[in-house]
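To start, the structure itself, in C-alpha cells.
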Amino acid sequence: MIIRIDRLGVELPPPSDPDPAGAQAVQELLGGKFGEMSTFMNYTYQSFNFRSRQGARPFYDLVASIAAEEFGHIELVATTINTMLTGAGAAEPGGGALGDVKSTRNTQQFIAGGAAALVQDSMGKPWNGDYVFSSGDLIEDLTHNFFLETGARNNKLKVYEMVTHPAARALTGYLLVRGGVHQVAYARAVEKLTGADLTKMFPSPRIPTDKIPECRPHIERGDHLRLYRFSPDDYKEIVAVFNGPHPETGEDLTVIDHAPEGFPPVDLPPEPDVFAPDYAPEEIAQIARKLREAAGLPKEPTGVVAANGGNGSAAGKVEAR
Amino acid sequence: MIIRIDRLGVELPPPSDPDPAGAQAVQELLGGKFGEMSTFMNYTYQSFNFRSRQGARPFYDLVASIAAEEFGHIELVATTINTMLTGAGAAEPGGGALGDVKSTRNTQQFIAGGAAALVQDSMGKPWNGDYVFSSGDLIEDLTHNFFLETGARNNKLKVYEMVTHPAARALTGYLLVRGGVHQVAYARAVEKLTGADLTKMFPSPRIPTDKIPECRPHIERGDHLRLYRFSPDDYKEIVAVFNGPHPETGEDLTVIDHAPEGFPPVDLPPEPDVFAPDYAPEEIAQIARKLREAAGLPKEPTGVVAANGGNGSAAGKVEAR
Amino acid sequence: MIIRIDRLGVELPPPSDPDPAGAQAVQELLGGKFGEMSTFMNYTYQSFNFRSRQGARPFYDLVASIAAEEFGHIELVATTINTMLTGAGAAEPGGGALGDVKSTRNTQQFIAGGAAALVQDSMGKPWNGDYVFSSGDLIEDLTHNFFLETGARNNKLKVYEMVTHPAARALTGYLLVRGGVHQVAYARAVEKLTGADLTKMFPSPRIPTDKIPECRPHIERGDHLRLYRFSPDDYKEIVAVFNGPHPETGEDLTVIDHAPEGFPPVDLPPEPDVFAPDYAPEEIAQIARKLREAAGLPKEPTGVVAANGGNGSAAGKVEAR
Amino acid sequence: MIIRIDRLGVELPPPSDPDPAGAQAVQELLGGKFGEMSTFMNYTYQSFNFRSRQGARPFYDLVASIAAEEFGHIELVATTINTMLTGAGAAEPGGGALGDVKSTRNTQQFIAGGAAALVQDSMGKPWNGDYVFSSGDLIEDLTHNFFLETGARNNKLKVYEMVTHPAARALTGYLLVRGGVHQVAYARAVEKLTGADLTKMFPSPRIPTDKIPECRPHIERGDHLRLYRFSPDDYKEIVAVFNGPHPETGEDLTVIDHAPEGFPPVDLPPEPDVFAPDYAPEEIAQIARKLREAAGLPKEPTGVVAANGGNGSAAGKVEAR
Amino acid sequence: MIIRIDRLGVELPPPSDPDPAGAQAVQELLGGKFGEMSTFMNYTYQSFNFRSRQGARPFYDLVASIAAEEFGHIELVATTINTMLTGAGAAEPGGGALGDVKSTRNTQQFIAGGAAALVQDSMGKPWNGDYVFSSGDLIEDLTHNFFLETGARNNKLKVYEMVTHPAARALTGYLLVRGGVHQVAYARAVEKLTGADLTKMFPSPRIPTDKIPECRPHIERGDHLRLYRFSPDDYKEIVAVFNGPHPETGEDLTVIDHAPEGFPPVDLPPEPDVFAPDYAPEEIAQIARKLREAAGLPKEPTGVVAANGGNGSAAGKVEAR
Amino acid sequence: MIIRIDRLGVELPPPSDPDPAGAQAVQELLGGKFGEMSTFMNYTYQSFNFRSRQGARPFYDLVASIAAEEFGHIELVATTINTMLTGAGAAEPGGGALGDVKSTRNTQQFIAGGAAALVQDSMGKPWNGDYVFSSGDLIEDLTHNFFLETGARNNKLKVYEMVTHPAARALTGYLLVRGGVHQVAYARAVEKLTGADLTKMFPSPRIPTDKIPECRPHIERGDHLRLYRFSPDDYKEIVAVFNGPHPETGEDLTVIDHAPEGFPPVDLPPEPDVFAPDYAPEEIAQIARKLREAAGLPKEPTGVVAANGGNGSAAGKVEAR
C-alpha cells in the first residue's frame, strides 16, 4: 500500500515560454525504455515478486523503498512536460486556436491530452510492461537495476543537452543527482552479494555529475549521498546495503530515515482550447465552490499550491487571455 | 510523492495447490486493458495532468486519492499470481525441473520471471501507456473512469467465475467491493458536474455484488460504503463529492479520513528452480545476516510477514524440498 | 458509402458442441495477416486512395467491388467463431460458471468478449492497420492482392485441416471458393496490365479446390466462376477485367450484375454467464417489447433469423439452462 | 453483407494548397483510438457478436445501422487526407522529386503510400483491433459507444482548431454533426435500458456544435436530428430507440427510412512521383480504354466523379505538370 | 559483408517424437528479449554503429566477431524448433490432417509457417528492433552485453529444465557453453576499460555450467575457453581483450584464429500437410532435377547434409507416409 | 554459420553536411516493412526453415546465398545513416550541445543511440519478426520474395527522390541495382517452377533503373546482371535458376562464383556529446593502445579503413572540435 503526499520532490519553475519540441524530448525520460516509468515499475514489480523476503531482507527493503521514490519521479517528469506545454497551442492570427501545434512532434499531447504528458517516449511509443525486468534472481535483478540507472543517466544527460527550457533543466539537474544515488545503491548491493566492485565504473557515462550546473545545488546540500527511507515503519534494513564511500567523491553514504519534505506544485492554468479542465473552466469552479460549501469545507480551496510565478509568467499570460 | 507501507489491502491465503492456468487468467486483472495497472495509471496521470486544481479541488482530490488506493490493487493482483504459481514448476519424474510448466499458457512467468507475475494481460500482451485516458476534460475523464470501473467489474466477475483457486477468490471478492466503491465515486462526480444520474446504471454488469460469497464479509463490515483518504494532510475535499446514498443499498456513503491498516503479506518461499531469489537461497540469507549484523541491526529480519499457513501449505511443502 | 443487408453470404450451421480451441484457430482467418480483415481493409483503402479513377476505371471498379464482398467475409468468420464458442463456458460441477474455459487458448474471448470473436489472430495478436498495403502503384497493389489471396488460401486450407467443427468446415469450404475467385480476378488484372500470365500459378498452394468436399457444392452451383457486382449502379467496368477462362477448369468467368441474396443468420442464444446480452436477458427483452410497442412496431421482432437448429442443437440446450 | 455506393456522405473540396502537416493531424480521426476506424469497427463487431438479437432487436438494429454509416466516415477521412496530400511532394529546384516532404511528419504517406492515407493515427501508430470493445453486455457496450462518440467529438473539435485547410474543415464540420447524432442515439439507448438520463451531459465537450461555422449548414438542413436507416429492408426497429427531443435544442429526433443520397467524389489527379497509379499514368489509361472497348463498354469511363475544381485548383496545377 | 557456410555449429539429432509444446518454449531462445536474435542483432548493430573504430579497435573487433558467431546461433535454434515440429501435425483418425495441433500453443508455426520456427518468443510475440541496445557509449554497450548474456544464460537454463526433447537438450547444452564464453568476453572487456572485476559475478545465475550433462562434452573439448575469430583477415585484435584466466575454472582463455568447422545439417523431411515445400514435393524435386541437368550440374544434389537418423527416426516415418 | 569480412559492398562517401531529416527517411530502407532487415531476415529464415533441401536444392541455394548478400545491405544502410548523422547535434550558441536536434524527427537516434542508426523505420517503429514470411511453400515463398523486392524497389526509388545527401544517393544507387538482381532472381525461380512469366512485370515500378544517374556506374560494370555466390563451397546450384536474359536489357544473367571484394569503411569520427564511444574518446584510445601492446600486436591499429575524406570533410571538422 501507499500513502500519497501532494508535494513534488523538487521545486519546478512556473510556465514560461512554451517549448513543445522540448517537451516531446523530455517524454523519453517518462515513457522511454530508460525513463522513470521503467525505474518505478521495475523496482515496484521486483518488490511485489520478491521471494524469501525475510531471508534477503536488506535487499528487499532497498528495492521496495527506492521504488517509492520513483513514483515521485514520474510525477516530476509529467509536471515538467505539462509546464512546457502550457500556452503552446495559442494560435497565430488567421489560424485555428491550436494552429501553433499543427506541426508539433507529438500531436496527441493536444488531441488525446489537454496539453499534457502522455505515457509515451520521445517518439510517441507507449511505455509497456515488457520494459519490466523481474527475473526473481536477486543478483541478476540488481545488476539489471544498475544497468537501468546507467542507461537512465545517459538519457538524462542527453536530454539535458538537447533542451534548455528552465523546467527541463530543473528536472534533469535533480534527476541526475537522485538517479546517481540509485546507481550507487545498486552497485553496492551487487558488490555485497558478489564482491564485484562496480563502483569502479562510476561515473557512467564518464561525465561527472558536478560538471552540470543544475546538479550543483543538490550536491551542495548533500543529496548525492542520501538514500531516503520512504516508509514510516518499513524498509529499515536498507542501511545494511547503502553504506561506505561514494564512488566518485569518497564521502560517506547515508540513509535518511524518512522521505524528503517536498515542495507544493504550481497550479497550472487551464487550457480551454483543449478543454482542460473545460471549455469554460469557471463553470467547474462555481460547481466546486457550491459542493465545498455543501460539505462544510472552507470557502477557499484547501489544497496547497506554489505561487504561480506572478504576472510576468506564461501562466499569468494564459490566465489573462 | 508517495510513502510506502509494507501491508496488503486484504489478507491473502498462503500458497496451496498451484494453479498456473488460473494465474494466467488472473493476469487480465493486472495488465489487461481493464486491469488494475489501468486504473492505477489512469487516475495517477489524470492527477498529474490536472489543470486548475484549485478551481476544481474536490474532483482533483477524489482522483488523486483513489489513484493511491489503486497501487495497493496492483500489489494484490501480483501477490495473488505469485501465490498461485508457487510450486507449479515441480517436475514429474523423468522430466526437467520445470517439466510441469512446459505447456503452461504463460511460459514467460517462469522463463522471464521467477514463477511470478508479469506486467501483461491474460494473453501475454504487455500493459501499455496508451491504455491511459487523460484528456484533461474533467467531465470526460470522470465519465471514462466510471466506464473503466464498469469494465473492470465485468472482468473481475468473469475471472471470479473462471478461477476457483482460494487466492483468486479472496482477491476478486475484495476487488469487486473496492472497485464498486470507485464506480460509485465516479458516478457521483459526473452527477455533481452534469446532473446526469448515473447511479441508475448500478449494478453494472447487472449482477449484485452481495450475491458473491467472497464479497459478503467486506460488505458486512461496511467497506462497500467507504472511500479512504490515502494521505495524511491532502485530498480533504473528497467529502464534497463522495456523499449521499449508495445506489444499490441506499446506505450513506462515508469518507474515512485515513488509509486502511492493511495486513502483512505471506513471505512466499524461494523457487530455486527458477533462481528466485537464487539457485542456493541460503547463501543469500547468510550474506544478509552478515550485512545486518555489520549494520547493527537485530539478528532476526525486521520485516513483518504473515504466518505462512503452517506445514500443510504448499509453501511448507516447497520449503521442505 | 455502404448499405447493409442483414444476411450472411453462406448458410452456417447452428451451435452444436462448442470448440473453443478450434474457434481460436479460426481467429487467424479473421484477424491474421492473411485473414479477412486484411482482405477487406486492403481493398477498401486501395479504393479510397485510388488516384486517376477515370483513367483506370475497370481496375478501380474491380478493387472497390471486391472490397464490398469482403465485408461479408469478416461477418462470416466472426459468426463462425461465435457459433463455436456458444456453450463453451458451462462449468463442470464444483467449478465456477466459466471453469471450462480457464485453460482455453484465448481467455479474452470470454473476459473481454461475451463468448465472442475478437479482432485478433490465432495467437491473440490484434489485427493492425499496417497489414494494409496501399502503395498507389496499380500494378504493385494488384500483385500484392494476388499474393494476399494466395496467402489467405494457404491459411484457409490449413485451418480446414486443423478444425473439423461443422461451422468451421462450412466457413472454410465457402471462403476457399470465393477467395479463389478473387485470386483469379487479381491474376487477370495483373495480366491485363503487364502481360504476365499468373494463371499458370494456379492452384496455389498446389491443391485443387475441388478436392475439398465442403467446396464442392459451391463449385457445383458455379460460384467459383462468378464475380458479383456489389453495387446497384457503380463498378460496371469490372467486366473489362474479369473475363476469359478459369485457370484451373477452363470454364468461362462471369460477372453477376448484383450481389448474392444471402441467408438469414441464426440468432445465437444468450450467454448470461458472460453477460451477453445481460445477466438476465429476459429483462432486456421486456424493455425491448415495450419500446417496440411505444413506437407502433409489430409485437414480434421484425428481424429475420434462421431457425436455430431445433431442440437438439446446442443453442437449444443453452436456452434450456 | 453490404452493398457499396460510390458516393461520399458530404461534398469535399478539390485539392488546393497541399498541407501534409495538417493531413497528418487529420490521421487521428482515421486511425486514432477515437477515430472513425474505431467507431466503424466497434459497432460492426458489436453487431456481429450480438447474442439474442430477436430479444433485443431495437438495440441490435441501432448498432448495426450506425455501423454502416461509419463506413462512409472512414471513406471521408481518407479522402480528405488524400486531398490535402495532393501536390505535396513537388520539389524545390535542386532537390529530388519528393524533396518537399523529406521533413514531413509522416514519411510513410509517401514512401509506403502514394501520397495517401494510411490506417494510422496522427503519430503514425497503426489502428489495431484491440480498440474494439465488444463485451456482449448490452448496457456496457452502449455506454462504451456513448463514451467513444464523446471522445471522438473531443478529437474532432481539436483537429478542427488545429487544421484550417478547407478539406479538413469541410470534413470536421460534417463529422461533428453526424457524430453528435450517434452520441445522442447511444445516450438514448442507455436511458431506455437503465433510466439514467445521459442527455444532461450534452454537449460534451461543453462547446455547442452550432458555434462551429462549418457545422451550421448541416444543422440548418436538420441533419443533427436525423438518423438514417442504412438498409433497404432491415434495422426497422431503430425508431423504437431513437426518438424524443434533441438534448441541446429540444427539437424532435427523426429516423430517415433510407440512406442519404451522397455526392460524387473528386477524381484526384495522378501523382507520378510516387507512382500513383503509375510512373506514366497515361499508359494505364490506354490499356483501360482498350479493355473497356473489348468488353463492349462505352468509350468514356462509366464512373461518376465531381468536377475537379477547374483550372485554378491544385488538381489542375498537378495535371498541368 | 558476410560469407555463408552451410554448416551448423553443433550436431543436432534428427527428428524423433515431435514436441510442439517444447518447441514453443524453445522459441524464447530465438525471438525472446534475451534470445539469440537479440544477441545477434545487438552485437551486429553495435559494430555497424561503432565510432572511432581505429581508436578502440580491440573492442570493435571483439563485438564484430562475436556478432558473426551469433548468426550461427539463430540458425541452431531455428533448426531445433523445426526438428521438434517435424511430424507434429499428423492427425488422429477422424480429424483433419492437422488435427493434432489444433490446441498447440503456437498455431502460427503451422498456419503461417510450414511446421517451422517463427521470429517470435515463447508467447508468440515477434522479436523487435527495440530489443537492440546500441548507445554508442562503449562501456555502456559492453555492460549491456554482459547483462544480456547473463539474461540469456538464465533463459537457457530454464528452457533446459522445461524441455527434455533431445534436440532441445543438444541445443541448450551447446548454447550454455558458447554463451558462457561471450559472457566472459564482455566481462573482461568491461574490466579492461574500467577496472571493475565482473568475473566475481560468475557463474550467473549461480549454477555452474559443468553441472549440466549436455554441456560437459563441450567443456571437455575446451570449448568453454575458446573465442573463435570469425573472419579470414579481420578482427585480429580480440586477443588484446580476451585473455587471462576463466573466472570459474582458472584455465587460460584462448582465441582460435578461425571459425569452427561445423556440422552438416539434417535434411528435414517434407511436410506436405502444410505444403512444405509443396503439397506434392516430388513435383518440385523433378523440376529441380531438370534444372540441374540443364545447367550441367551433377545428377545428384551437390549439397552436403547429415544422415537423417535412419529408418527408425521420425524423419523416416514421415517420409514413409 | 557465417564468416564476416570487414568490407562494405559499395564505397560510401565520408561525412559531409549532416542531414538528420534525410537520415530518418533512409531508416525506412533499414527497418521498414520493405527495408533491408526484411529482405535479410526473410531469406535467412526461409533458408533455415527449408524442408527437403536436397529435393529442391537449386532453390534452397538461391535463397540461402541471397540472404548472405542482404547482411551487407543492412550494413550499408546503417553506415549511411551514421554518416548522415555525423555532426548533426552540434549546437547553436546559447543552446545545449544537442540543441540542434531537439526538433529532429527521430530523437532516439541521439538519446538511445550515439548519433546512429536504429532498427526502426522512418516513423520510429521498430522492425519486427512478423515481417518475415516463411510459409515453407516454395512457390509461395518465392512469389513473396519477388513481391518483397518489388516493394523494396518502390521504397528505394522514393527515398532516392526524397533525399539528395551524397551518402543516401550512393546507397540508393547501389541498392536499386542489387535489389533489381534479386527481383530478377526470384522472378526466374517462380517461372522455373510454374511457367508464369513474371519478367513481363519488369521494371516494377515502371521506371527503368538506368534512368537513375547513381545506378549507371553499377550497370556499366555489369552488376545488374550478376548474382554472387556468397560461399566458398556451398550454394553451387544457383546457376540452375539464375540464367537466361535480363528482362529489361536482354543481356545474359551470370553467376559470379564468389562474393565481391568490397570496400573498407570510413572510420566515422567520435561524437563525444552523445558519448560515442565516450565523453573523452582519447581515454579509450589510450587503454586500447596499452592492451594492444600487452598482446604483442602492432602499435598501430590493424584494422583497414578508408581515408576519411580529408580536412575539408565533416569528419575532419568534427575531429577538429
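To keep things simple, chains are lettered A, B, C, D, E and F as they appear, and every chain counts its residues starting from 1.
Here is the rule we use: a residue touches a chain if its C-beta (ideal position, glycine included) is under 8 Å from a C-beta of that chain, and two chains touch if they have at least 3 such contacts.
Here the structure is a predicted model, which means the values were calculated and not measured.
A.B. asks: Using the contact definition stated above, find the chains touching both subunit D and subunit F.
C.D. replies: Common contact partners of subunit D and subunit F, which must touch each of the two, are A, C.
A.B. asks: Are the two sides of the subunit C and subunit D contact the same residues or different ones, given that same means over half of the numbers occur on both copies?
C.D. replies: Over half shared, hence same.
A.B. asks: With a Cα-based fit, what is the angle in degrees between subunit A and its identical partner subunit F, given to the nearest 5?
C.D. replies: Rotating subunit A by 120 degrees superposes it on subunit F.
A.B. asks: Distance from the CA centroid of subunit C to that of subunit F, rounded to the nearest Å?
C.D. replies: 41
A.B. asks: Which whole number of Å gives the spacing of the CA centres of subunit B and subunit F?
C.D. replies: Between these chains, centre-to-centre, one finds 49 Å.
A.B. asks: Quick check: what residues of subunit A touch more than one other chain, meaning two or more?
C.D. replies: Where subunit A meets two or more other chains at a single residue, that happens at 33, 105, 112, 124-125, 130, 133, 135, 137, 139-140, 154, 205-206, 274-275, 278.
A.B. asks: Quick one: which chain pairs are touching?
C.D. replies: A-B, A-D, A-E, A-F, B-C, B-D, B-E, C-D, C-E, C-F, D-F, E-F
A.B. asks: Name, in rising order, each residue of subunit D that touches subunit B in their complex.
C.D. replies: These residues of subunit D touch subunit B: 33, 130, 133, 135, 137, 139-140, 143-144, 147, 150-151, 154, 190, 194-201, 204-206.
A.B. asks: So in the complex, the part of subunit C that touches subunit B is made up of which residues?
C.D. replies: Touch list, subunit C to subunit B: 89, 91, 94-99, 101-103, 105-108, 110-112, 124-125, 273-275, 278-280, 283.
A.B. asks: So in the complex, the part of subunit A that touches subunit B is made up of which residues?
C.D. replies: Touch residues, subunit A against subunit B: 1-9, 31, 37, 41, 44-45, 48-61, 64-65, 67-68, 71-72, 74-75, 78-79, 82, 112-120, 126-130, 132-140, 192-193, 230-237, 239-241, 243, 259-260, 262, 267-271, 274-278, 281-282, 284-285, 287-288, 291-292, 294-295, 297, 301-305.
A.B. asks: Hey, which residues of subunit D end up touching subunit A in the complex?
C.D. replies: Interface residues on the subunit D side: 21-22, 24-25, 28, 32-34, 105, 121-125, 154-155, 157-164, 205-207.
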